[in-house]
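We call the chains A, B and C, going by the order they appear; numbering starts again at 1 in every chain.
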């Protein structure tokens, strides 16, 4: 379970997260929507400790993320992350991209790491691209590669940071399908997304962020059909 | 040290003047070579870009050789070659000759890169507006290319000023040779070298920073 | 033209010249290895070092780039004499080339590090890699590719620069050539042959570098 308690985050004078309280339980799929600059992506970075925080607490399965004593590298193995700009490693083949972390972080043998990587690449539909370098893959394929890379660490949670925003429209579908597949398999997911259809169909809950504040959270039917906050109503009116 | 021998004398004010004159000669031979070399280099660079293989096989090969042999060897080679073919050339003329071709070899590369940086689509656009080949060069390639290559050209010019120190091998009394002579006389290597180094640095550092700034402001 | 070329005595010395060419290569290669190591350190210090070290690194880089290589060689030659330190000709050339290589390469490395996007670090860290693992497995391999070409150029430059050895009494290829030339007065012939040897050395380096690049960087 991920627990976020009274989280405050500043970039200099900018108050990007203003006291967030949010719990995500095992098996849940949470979508976070909101306009850009609302702090949604920053929240993801705070959850796996890629950003420090100024106040409050983030707990993953009871471990405090921003505690100096926490082994953050160990903790991050539980938290797979997929970025907007897929960030595949350009100097490694698809297989090497996925196998690297299991090998050097989890100390699996070369063969073990390789077979994990193969399994995960097949899982996301890239079984025929094992030896391709990222430069030879489309954006959608690179994003699925990034998902496989995260899955290879056998994470218990997956964090998606606008995984489809940088993709050409015709490539969005394949990545969303992969994300749907994970959700169906019972993966716990937090998805920062602009895909309203996806968040409505797949999520258990949807949270709406506005200028560093979580305006409301609830089941998709409620958020999309009967939003409570004025800001949410405005936002949804605009994206439709 | 002063009582050891009258042969060595201390560093004096007139020595500074001597160094100053030598610095002037360094600047002189550099400016001559940079001017001639740039003019030649622009022509060579354009030929290399415009003609596919002929210029490449002739000019390209020769210029490449000038980039692949130490400058000091080129200087000695030509200085000793000119008398063989009956040309009387002093250290300045021979030095400026070699430095100019060396500069041209570097500038040609820069210019070719600049023309290529303008890109076919833009040139095609210019031609599609009815511009002639020369109008395209004059009004499109030149202004855009100039911008692209100016910082690299400053780099070439600065390296020629620094490399002009090698003309000292022909006996030309430029800054480093003057320093060497003073060092032998005064036995004050540190001060004299510091003066010479400071001169080059004071010339090169601001210019290279300036061109770096230009490059950054143009690319962003 | 009443000059008679005498090539034969020069050709007879070619084995000696080639041997001196090996010395040229040796000093260039060692100065590159040292230059790469120090250059990497200078680049990291300039980006992340504490202020005094950063200033020292910056000073090194700027002096190396903004003064003539010959000046740098003279400094290690006579300049250190002011402090009672007298290096052998070999060490003068090695120190001068290393100083120059490190300064130029530091700037290349810095550019290389800046060219690898920060997001690569984030991606690697998000997989649980440590900072050291991220540098060694993800960042440095990408930087190496970016600086590979400039590094090759610097190697060529080191070979060409080592010819300055003849001005401080080092008998590498140029020094050896001058030694023979001054004994026989066949200056043009000797330096013509040496020019060709330099040309061949440079071409071999470029070919080898291209060949290695094709094996190293398949992406």
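Things worth noting here:
Operating definition for what follows: a contact is a pair of C-beta atoms (placed from the backbone, for glycine too) under 8 Å apart; a residue touches a chain by one contact, two chains touch by 3 or more.
Here the structure is a predicted model, which means the values were calculated and not measured.
Each chain gets a centre from the mean of its Cα atoms; the one farthest from the centre of chain A is B. Relative to the centroid of all protein Cα atoms, the closest per-chain Cα centroid is that of C. Taking each chain's centre as the average of its CA atoms, chain B and chain C sit 20 Å apart. If you average the CA atoms of chain A and of chain B, the two centres end up 55 Å from each other.
Averaging C-alpha coordinates per chain places the centre of chain A 46 Å away from that of chain C.
For chain A, residues touching at least two other chains: there are none. Within the complex, the chain C residues that touch chain A are 117, 119-120, 122-130, 133, 137-138, 141-142, 145, 217-219. Residues 65, 68-74, 76-77, 80-81, 83-86, 158, 162-163, 165-166, 168-169, 176, 179-180, 183, 188-190, 193, 196-197, 200-201, 204-205, 208 of chain B touch chain C in their complex. On chain A, the positions that touch chain C within their shared complex are 45, 48, 50, 73-74, 76-77, 79-81, 83, 85, 87, 89-91, 100-101, 104-105, 133-135, 146, 149-150, 153. Residue ranges of chain C in contact with chain B, taken from their complex: 1, 3, 62-63, 65-71, 74-75, 78-79, 81-83, 156, 160-161, 163-164, 166-167, 174, 187-188, 191-192, 194-195, 198-199, 202-203.
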